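Below, each structure is written out as C-alpha cells.
Okay, so subunit A shows up in both of these, paired with subunit B first and subunit C after.
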Partner chain A sequence: MTSALRTQGLAQQVARQRWRILRRLRPSRLVLNGIIGLIALFWMLPTISLAIISFRPAGLFNISGWWTVLTAPTQLTLKNYQDLLFSTPHSVIPTGFAAGSILDSLVTTAAITIPATVLVTAISSLAAYSLVFGRWRGRTVVFLGIVALLVVPLQVAIIPVAQLYASFKSLTGITVFGTLPGVVIFHVAFGLPFGIFLMRNFYTGIPKDLLEAGRIDGAGEWTLFRRVVIPLGLPAAASLAIFQFIWVWNDLLVGLVFLGGNAHHTLTLFLYGQTRTLAADYWVISAGAMISVIVPLAIFFAFQRYFVRGVLAGAVK
Partner chain B sequence: MVKTKGASRLPRPDASEPAEAVRLPGGRWHRHLGSLAFIAPGAIWLLAIVGYPLLETIRDSFYNSDSTRFVGVANFKTIFSTADILVTFRNNVIWVIVFPFFVTFLGLVFAVLTERIRWATAFKAIIFMPIAFSATTSGLVWNSIMNIDPHVGMVNATLETVSDWFSPPGLYPVNTSAGQTVAALAATGLRSGPGGTLESTATVAAGQTAKLGLVGISPTALQMIGAAQAVVAPPAPGRVSGLVWRDFSPSHPTDRGTVFSDEDGVAGLSVTLLGGDGSSAGSTVTDSHGDFTFTGVGSGTYRIQLDSSNFSSGFTGIYWLSGTQSLTPTSGLSQTAQALFSIPLVDLSMIIAYLWIWAGFAMVIIGAGLASLNREVLEAARIDGATEWQTFRRVTMPMLAPVLVVVLVTMIINVLKVFDIIVNMAPSTSQANTLAVAMYDYGFASSPSNNGLASAIALILFVLVMPVIYINLKRIR
Partner chain C sequence: MARVALEDLTKRYAGGNLAVDKLNLDVADGEFVCLVGPSGCGKTTALRMIAGLEDITSGWVRIGDKVVNLLPPRDRDIALVFQSYALYPHMSVFDNMGFGLQLRKTPKAQIDKAVRNAARILDLEAFLDRKPGQLSGGQRQRVALGRAIVREPAAFLMDEPLSNLDAKLRVQTRAEIARLHQRLEATMIYVTHDQVEAMTMADRIAVINDGVLQQVGTPKELYEQPRNHFVAGFIGSPSMNFVDLAVQLGNTSRLAGDGVEVRLDDTQAALLRDRGLETVTVGFRPEHLEIGKPEGPGLRVSASIDVVEFLGNDELIHAVSGGRDLVAVVEAGGSLQVGDSIFLSASPRHVYLFEPDHGLSLASR
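Our next item is the complex of A and B:
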C-alpha cells in the first residue's frame, strides 16, 4: 500500500518535472533564445575571424577565407607568431626585443600605460579628498571647472603641448617630446578630469563623522587619507585604474603625436604602421593584433565588474 | 553621469560641517594648507596641460601657419572654402546623425532582450568585449571583413553565396568589372554575338563539323573541370558536331587554328545551335574533349553559339570601403555639391564597425537604467491591464528617456572626435576623413605643418562640445 503510494508520488513528481522542462522549452522562449544566440554568435565572428586568420599560413590570406578552417583544420599553424616574434623572413620588421618589434612595442605600451594609470589614480584620489574633505573656499568652483573639462576634446591641446615640450627643451635641455614621459604627461592630464570626478563622487558617500573622529584623535590629513579614505575608496580606485589602463593601452593618437620620431612604438602604432606600408602583410597585422589585445582582454575578463562600473560613471567621457 | 546604485552621487550642499567646538592639534591654517596641498598636483597638471593649451589653441587659430602673425578669421575662411575640409565636415555630420541613433537603438534592444534570458551575463560579456579592443585593432579586423574579394571578406563571401543561388557564375568567368571582355576570348572561327555570347563566323549544315578556338581560358579551370586532350569530332549525316578547344599550345605559342596534342578541349561548355532566324534549334554541353553533337538537325544553315552563361562572372564583390560610391544619387550636381551631398559607402561600413564596438557600452548603460526603474509603476501598469508593449512604450520609455539622452550625448561627443577607426579601416585615399583626422594631418602629418589651420579645426571641435559642457554643469549644480 505504502509502496504503491510512493510510486504514485514519484510518477507525479516525474510528470511535474517534465512539465517544468517543457515550460522552459516553450516555442516563444526557444525563438527568443535562438535570436539572442544568433546575435551573440554574430558579435563574436569578428574576434573569431581575427584569431583564426592569425593562425593560418601567411600566403592563404588572399586565396581563401578563414572559414575554410571549418573543413580543413590542418591548415592552422603557429608560424605567424614564430615569424613575428623570432624571425620575420618576408618583411623588415625587427624581431625579439629590438626597437620597433612587437615585443618591444608591448613593453613600450606597458611602460606608458602603467605610470599613466598609477599617476591618474593617485593624483585623482588626492584631489578628490581635498575637494570632499578639505575646508578651503572655492571647492565647488574648482569642481565645476573639472566637470567642464570632462568632455574637452584632446585635439585642443596637442599642438600647444608639443610646443610647450619644445620650449621646455630650449630652456632646460631636457627632451620631452618624442619620449615616453612626454606621452605619459599628456595621458595623465586628460585622464584627470574623469578620475577626479569619479573619485569625488565616491568619496562624498563616506561619512564625514568618520574623519572628524580621526581628527579629534589627532590624526593629520595625510594619515586620514591613507588610513581611512584610501581603504574605503578602493572599489572606485579599482574602477578608475582599470578604465584608465584600457583607455591608455588602446590609444593611438597621443602616441602618434608625442612619440613622433621615437624608434620605440606602442602596440597601436605598430599595427597602424603596418597598415600604412604599401604591401600590408595581414599575417603580421592579425598576429600582432592578437598579441595587442591579450592584456586588455585579460583585464577585462578578470575585473569586468569594476570596468563596467567605471564605464557607467564615465558615460560623460 | 547616469544615476545608478552608488556609481554617481550628486554633491550635497556643504551643510554638514560641524562647528569647531574643539581646538584641534595642528591649528586651522595648517589643516587648510594640508588639504589644499592635496589638490595641487592635479590642479597644476590640468592647468599646464589642458587649461593653458586650450587658451593657446584659441589664440593660434587666429594666427598663421607658424603662429607668428595675426591673420584674423582667415583660417576659418580657408576651412569653409576648402573642398577637402568640407568633405571631412560632411563625414562628421554623417557620423553624428547616423551613429548615435543606431547605437542607442541597438543598446536598447539588447538591454531589453537580456532581461528575458537566463544567460544574460554571458551575452552581455560577449557584446561588451569589443570595448576592450583598441579601435585600431577593430578597424583592422573590419577592414578584412569588408574586403572586396569574396574569398577574403566575410560580408562579400556571404553575398556571393546568396547571389550564386540566383545567378551562378559560369565555368569560365570573364571579370567584366576588371575590364575583360568575352569578345577577346574568340580565337578561331568565332566572333562576338549578342548579349555576351560568342558565335561561329561560318554557318554549318547537317553533316558538317565546326572548329571553334578560344584563348584566355585558364588552364587551372580546365584542370579542375577535368578537360582532356582536344579531339576533332568526326562528321556524321544528320548531325552538326564540332570541337571547342583551348587554342593555345605552349609548344606553338603563336599558332592559332591548329589542334595540337598539348591543347585541351574546353569541357562543360553550354552550346546552342542557332537557326537562320537566330532562334534556338537545340542546345548541348561539350564533353571532356571539347566535342559537341546536335542530332536530328534539319535542312538549312545554322550557326553555333557559345552561351553567355559560360562566361558569366557571377558576384565579384562590393567595394565596401569605397569613398566614391555614394548611397545617395548625386548625378547632375556640380563636383563640389557631389562631394558634399554623397554618402560614401565607406562611411557606412565604418559606422557598422563602430556599432560593433560601442553597442555594448549603450547596452550596459541602458541596462543599468532599466534595472533602476521604479518597479511599482511598471506593476501598476500591468495590473491596470496594459499589454507588454503598451507598458514598454508608455511607461518604460518615458522613464528611461534621460538615460537614452545620456547615451546619445556621450556617443555624439565620441564620434565628433572619431579618429582611430578611420585611419585604420578606410583606405587613405577614400575621402573618409573626419575633422579629427584633418586636424592631425594639418598639424603633424603634413610638411610644413599648418598650426593655424589645425588649431582652428580643434577650436571648432571644442565649440561643438560646448553645449554638452553647459548641460553637464547645469546637471551637477
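Our next item is the complex of A and C:
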C-alpha cells in the first residue's frame, strides 16, 4: 500500500517536470519556426515572382503586378514559353534549334558546362591524391601556391588569356579563341584552384591506414585511387561538381568575351541579348531564366544525397 | 608460412631521431612472437618495416629465404592487422575480406570459398553483406582478422589489434587469436604495449625500450630471469618493487636500507662480491611478498599500510617503507587496516639484484 502511494507520488513529480519542459520549449519553438519560415520565404520571393511573371501574358506586365495572380489565377498562360521555344511570327528571336535560339543556347551551354565540370572534378581529384598521399618533396608549397591562385579574380586574366589564344593561333594555326574548347579551357583553368583545394582538404581526412591496408592487399597507386580514394571522396567530388556546374552554367563574362563572333550563344548570353536599351520583353526573359534554372536545380537534387551521407563512417575504430 | 628474420634492423628518421636501433630477431616458422614495450619504443616502426610501409635505414628484413628490404608490401606475402582495423568503409564485409585476392586475380569461386571459410572461423557469416559502419567494434576487429586470414600469407603482422576493444572483448579476442594461431600454425608477429597480452599469447616475447631490444625469451624466462631492470619492471603485473640498498660493512651477504633488510644466499653473495659494488638495486615482485617475519635468509621489509585494494581473491597492498612506495599482493581475508605496521618478507630465490648504474641483472652474466 505504502509503496503504491510512493510510486504514485514519484509519477506525479515526473509528470510535473515533463510539463515544465514542454512549457519551456513550446513557444520558443513556434517563434523559431516562424522566423525560419519568413526568412525562407523572403529568400525565395525573387524566384517565385520570376516564375509567376514567366506564366503571365505579355500584355499584363505593364498593367498589374505579379501578385495579382493570387486573386486572379486564371491569367496564367504558357504563351511566353511557346513564343520562346516554338513559333514567334512577330518576334526577332530565332526559334527551334537555329543558332541564337534558346534551345541552341541550351545545347551550347551544356557543351561548355559538362566537359568543364568533368575535367575539373577529375583533374582536381588526381592532383589532390598526389598532394595528400604522394611521397614527394614540396607538396605543401605547391598546395599553398594553388591556394594563392584562389585570390586571382577571373576578370584580370581575360585579356592575357585572349592574347595567349591569339598567339597560339599564329604559332600553330589552330583557332582557340571564339570556339567552345577555348571557353572550356578557360573555365577549367579557373575551376582547378578551388577544386584542388576542396578535394585535398577532404582527402586529408581519409585515414592513411586505409591506403596502407590497400598497399598490403596488393593495390598499386592507380588501384588505390580508383577503388579506395574515389569512392570515399565521392561526397567532396559531388559538391565540387555541383559548384563548378553552377558557376559555369551561370557564367556570362567568359562566354561573352571568348565566344567572340561565334553564332552559338550560351544561355546567359541569350538572356543578355534580350535586354535592350529602351525596353525589354521581361516576360520572355523570365521564361528563359526559368528554363536556364531548371538544369542546375535538377543537378543539385540528383547529387544532394552525397552532401548528406557520411561515407567514412566505420572506417576506423 | 615462413620464418622472418631481422638483422641489425635500424630506422633513423629525417630529424635524426633513432626509432629502432640494430634490432636482431629470428622468428621461426609458425612461431608467435610479441614485440612489447612502452608507447614510442619503436615496436610499431619495426613492424612497419617488416610490412614494407616504412623505409629501412639499415639492416635487413628476411621473409622466408628472401631479403625483402626493397620489395613493396604487396610482394612480401604478409598480412597486417591495423590498430584502427582500416576496413574499407564503402565495401561490404565480403569485399573487405576478398579485396586482396581480387587484386591478385584469383578466380571468383576460389575467393568465395576462402572468404566464406574465414567467415565461418570468425563467426562472421551473418554479416558478409554488411558495411563496416554497421558492425560493432568486436565484429570489425574480426573482419580485420578475416582479411588477413583469407590471403594465407607467409606471416601475420598485428599492430595492437586489441587496443580499441573494451576489457571483456579484449580477453575474448585474445583467446580467439591464440586459437587462430594454433589452427593456422602461422608465423605471427604481434605488437602490443600490454605485457599481459604478450604473456598470454606469445611463444616468445621481445621486449623493446627506446628502440633497443632488451631481452627475447619465453614468457616464463622473462618473468623468472629478467636480464635487466627494465624487463623486470615491465613484465609482471603489478610491477616489481625496486629499492637501492647498501652493502653492509663489507659483508656482501647483508644488504640494508631504510626499513628494508636482505640476507643473500651464497650464490648471490658471491655474485655481489665478484662485482665489487657498494650499492645494489634489489627487486622483488608483489606476488612473492608474504606477511610475517621468518628467520633465515631472504628479504624483510617493515612498512605501514597506505592503501588496501580488494580484488576478490587477493588484496593489493600499497605500503610505505622508509619513504618508498611498495606493492604487495596477499591473500584476501586478513584484517589489514590502513595505517597498520606490517612486516613483509620474500625468499631469497625471489630476490633480484641489478647493477644500480645501467640496471643489468647480476645473474645475467
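In this section, the second predicted complex is superposed on the first by the 249 of 317 C-alpha atoms of A that agree within 3 Å, B and C clash if a C-alpha of one lies under 4 Å from a C-alpha of the other, contacts with A are read in each partner's own complex, and residues count from 1 in each chain.
Throughout what follows, a contact is a pair of C-beta atoms (placed from the backbone, for glycine too) under 8 Å apart; a residue touches a chain by one contact, two chains touch by 3 or more.
It should be emphasised that the depicted structure is a prediction, and the values quoted were computed from it without experimental measurement.
Touch criterion met: A:189 reaches subunit B, while subunit C stays clear of it. Shared-chain residue A:98: touches no atom of subunit B or subunit C.
Contact with subunit B, but none with subunit C, is seen for A:53 once the two complexes are overlaid on the shared chain.
By the touch criterion defined above, A:30 lies against neither subunit B nor subunit C after alignment on the C-alpha atoms of chain A.
Contact with subunit B, but none with subunit C, is seen for A:282 once the two complexes are overlaid on the shared chain. In the superposed model, A:151 makes contact with subunit B only, not with subunit C. Contacts of A:210 after superposition: subunit C is touched, whereas subunit B is not reached. In the superposition on chain A, A:218 makes contact with both subunit B and subunit C.
Once the two structures are superposed, subunit B and subunit C can be ranked by residues of subunit A touched, with B on top.
Shared contact residues of subunit A, touching subunit B in one structure and subunit C in the other: 212, 215-216, 218, 220, 311-313, 315-317. Touching subunit A in their complex are the following residues of subunit B: 1-2, 4, 6-9, 11-12, 14, 16-18, 22, 24-26, 31-32, 34-39, 41-43, 45-46, 48-54, 56-57, 60, 67, 110, 113-114, 116-117, 122-123, 125-138, 140-145, 149, 151-154, 157, 356, 361, 364-365, 368, 406-407, 410, 413, 416-417, 419-420, 423-424, 428, 436, 439-440, 443-444, 451, 454-455, 457-459, 461-462, 465, 468-469, 472-473, 476-477. Subunit A contributes residues 32-33, 35-36, 39-40, 43-47, 49-50, 53, 61-67, 123-124, 126-127, 129-131, 133-136, 139-140, 142-144, 146-161, 163-164, 185-186, 188-190, 192-193, 196, 201-202, 204-205, 208, 212, 215-216, 218, 220-222, 225, 246, 249-253, 256-257, 260, 267-268, 271-272, 275-276, 282, 285-286, 289, 292-293, 296-297, 299-301, 304, 307-309, 311-313, 315-317 to its touches with subunit B in the complex. Only residues 207, 209-210, 212-220, 223, 227-228, 231-232, 311-317 of subunit A touch subunit C when the two sit together in their complex. Taken together, the subunit C residues at the contact with subunit A in this complex read 51-53, 72-74, 78-80, 82, 84-90, 99-100, 103-104, 131-135, 137, 140, 147, 151, 164.
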